[in-house]
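First comes the structure, then the notes that go with it.
Chain IDs A, B, C and D follow the sequence of writing; residue 1 opens each chain.
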Amino acid sequence: MTALTEAIDTLVTGNRILARENVVDAFGHISMRHPDDPSRYFLACSRSPELVEADDILEFALDSKCIDDRGKTLYIERPIHGSLYQARPEIMSVIHNHSTAVIPFGVSKTPLRPIVHVAARIGHEVPVWDIYDNFGDTDILVSTNDQGQDLARAMGNGPVILMRGHGATVAGLSVQDAVMTAVYLQVNAQLQMDALRLGEVTYLHPGEVDIRLARSQKFVGNDRAWEYMSRRAGR
Amino acid sequence: MTALTEAIDTLVTGNRILARENVVDAFGHISMRHPDDPSRYFLACSRSPELVEADDILEFALDSKCIDDRGKTLYIERPIHGSLYQARPEIMSVIHNHSTAVIPFGVSKTPLRPIVHVAARIGHEVPVWDIYDNFGDTDILVSTNDQGQDLARAMGNGPVILMRGHGATVAGLSVQDAVMTAVYLQVNAQLQMDALRLGEVTYLHPGEVDIRLARSQKFVGNDRAWEYMSRRAGR
Amino acid sequence: MTALTEAIDTLVTGNRILARENVVDAFGHISMRHPDDPSRYFLACSRSPELVEADDILEFALDSKCIDDRGKTLYIERPIHGSLYQARPEIMSVIHNHSTAVIPFGVSKTPLRPIVHVAARIGHEVPVWDIYDNFGDTDILVSTNDQGQDLARAMGNGPVILMRGHGATVAGLSVQDAVMTAVYLQVNAQLQMDALRLGEVTYLHPGEVDIRLARSQKFVGNDRAWEYMSRRAGR
Amino acid sequence: MTALTEAIDTLVTGNRILARENVVDAFGHISMRHPDDPSRYFLACSRSPELVEADDILEFALDSKCIDDRGKTLYIERPIHGSLYQARPEIMSVIHNHSTAVIPFGVSKTPLRPIVHVAARIGHEVPVWDIYDNFGDTDILVSTNDQGQDLARAMGNGPVILMRGHGATVAGLSVQDAVMTAVYLQVNAQLQMDALRLGEVTYLHPGEVDIRLARSQKFVGNDRAWEYMSRRAGR
């Protein structure tokens, strides 16, 4: 395999892991910045991640126009991906999903915060973006670059943002990094919901989150989890 | 395949998807209006949807009498289907189920309302029908045309109605439309239960629901979800 | 197959269905009164229901002594079965389980009551038996005929009893009847827990429960559910 | 098979059961004291338990230094294992996990206590250890022998300890004993969360817990559960 073929293979594995771990269902998508050209990114055509094959992967410019769509239908919400790659040069992979554990935190006043060490990678507190604030009544989809840029601004430098009545977007330094953050975002949301039922909760201390964030940026431990999740996903 | 064989094949796929997504279990059923004769509809004989084959599909008049039962046992609750096709010419598919996420909303005072964009297709607020109101103590089953017509009246022009202590009924413009509504009704019910645990909830804005309803009536996006769910259901 | 071989085959299927539907796990068991001799019953040796084969089925007297144990280890809690067959001639099958949805109702003050039509077969309200009341500190297991008879008395004429800190016991007019009651007991417990989160709940009306109980005693509808659950259980 | 090969095979089965029962995911590990040399223990290299093979098992001294790592990466949290074997000669197996049902009890004020007979083996009340108390801001991992010994001290003579924002550690008299305790710890946590929703809860009486603890130390009943769980785990 060439380096590019291998990178695209990793992107396909990312699709399958997200499906296997129930982070995405019929909807949701994961992209990867072109490893050799920062002004381009790769994303599947409009298929459910569980079914995505290497042949479904297309190339896009940062304005989310497709270089060559080969007659395939495209995801409507490409601007989520393009806008984040444009706003943040360090980001190499973006995931958008409707993970059911996460959605309740986007429609309530309870902030989603890391409660377990493996989820410190979601950051100190996850912000919520509401498309209604700047765009009024819509179909809720992020279908224009204006909307994508508004989302990117609200996300700041963080790895995750919730979208009211919709889902979440995750940004990572690699496909593996983004996938792990999306998986543990979901784990944390479920744990936090359960813990809040038991009364007052101790979240991770800010210093602990900082130490863990520095650690996860070095990808320590990812090899084991990536091997495990790939195998579960049949890759 | 002829057009009719293909339509019946789609109805079988609908049965299997509903089973795979846990919208139905041993009980529950899905019907389709005859594509060429609006005074007839198709529905399986009395088998669990997971096991339904093309050969199990029978033809019914709108009073829910079977044209030729070939010696097979029939579902008791056929009047749900016939009454809806009679009352609403635009409806092409009907689903009745006992989806466990939905039942709690039928026995409590909390209205089921769309909380996430993909579930806007359930309408602004889901009404609840109680068979006890007009029929007193029964076995709860909708076993007469009188009961079916009462249910259809309570449903109005909406896509969904809950049935107290029983389940839900969904009406769609196609098999695909009805299946998607039944699946996302269940998703929304689960999400709403989880979100309500976290405190005050922001539901979709009325304008957002209207825009999404208009969108789902054009079936945009259904191809992706239908392909995904068919594959998961082994079709 | 002879009638007896067939009956034992049904008992094996009952074991497998209970395992598949998560009503039993490593523990729990189902027995059947001998179809030709009311003073005997059949029950597996000490194996988990998912693994039980026809060859594991042994014959017992109503004092729960084994007729011929063929060197196999026996379940300790046989007195649950023998005591119920002794106390109630109409009972043809008994299930004991630790179904996780049911246990919370045995340790709290909230009565388990039917909330959905398919669960009316559990009766108007499920009683709770506490082994501590008459036997003080024990290992909680029903290991003597005295304990079994105390449990049978507390159960009265009903189909179900909860056991504090332990599980539930179900009695049926046939293997199929007992299995369906055990499955829908679990479904109802889960639904009731979810519904109570939403506030005040409307349970089935007493008249509805009576009508449904009379109906389920005629086994109407069981063929469809039994076929479905057998297939899911690989039988 | 020699006795040692067989023991290692049991340790591999323990890994697989913990994975199958969702007690561990990508992370978590189980070790076994060397049956012939109490100053050594066996533990896999850094792989997810679902994937562990006999060839992945390595030998460690009680200071958690590896005797011969054969070039493999090691789990960081080995000191959990070594420190417990050092502190408690009776312990023959140790499990560390991030079981999602258990974590909420480590971050709230609600004590985890046995609510069902099969979970009495977790002891009267499960203590919580917070790494922050003696070590301040860390990455939360138990990566030094000092931290491991602090954890062992907090655990006392009990079979289980929760770790705030992290998971749990379980100690057993055999691999089978530790696995059963870890599985039923998780079952109890889920049941207790559900029961607390229903209001005031009756936990097992102290005398009942004592009787059950004495019973589980004789491994009564374990053969049935071990056979069942091994089969579910594909062993």
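Criterion: a residue touches a chain if its C-beta (ideal position, glycine included) is under 8 Å from a C-beta of that chain, and two chains touch if they have at least 3 such contacts.
Please read these numbers as outputs of a predicted model, since none were measured by experiment.
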Query = If you list every residue number at the subunit A and subunit D contact, are more than half found on both copies (same) or fewer than half (different)?
reply = different
Task = Report back the single chain whose CA centre is most distant from the CA centre of subunit C.
result = A
Ask   = Rounded to the nearest whole Å, what is the centre-to-centre distance of subunit A and subunit C, using the mean of the C-alpha atoms as each centre?
value = 46
Message = From the mean C-alpha coordinate of subunit A to that of subunit B, what's the distance rounded to whole Å?
response = 33
Inquiry  = Quick check on subunit B: which residues sit in contact with 2+ other chains?
reply    = 197
Task = Draw the chains as points, connect those that touch, then say whether the picture is a line, ring, star, complete or other.
result = ring
Request  = Flag every residue of subunit B that touches subunit A in the complex, lowest number first.
outcome  = 115-118, 187, 190-191, 194-195, 197-205, 207-208, 210-212, 215, 221, 223-225, 227-229, 231-232
Request  = Using the touch definition up top, name the residues of subunit C that touch subunit D in the complex.
outcome  = 25-27, 46-48, 50-51, 73, 76, 98, 100-101, 103-105, 107-110, 132, 136-141, 164-167, 193, 196-197
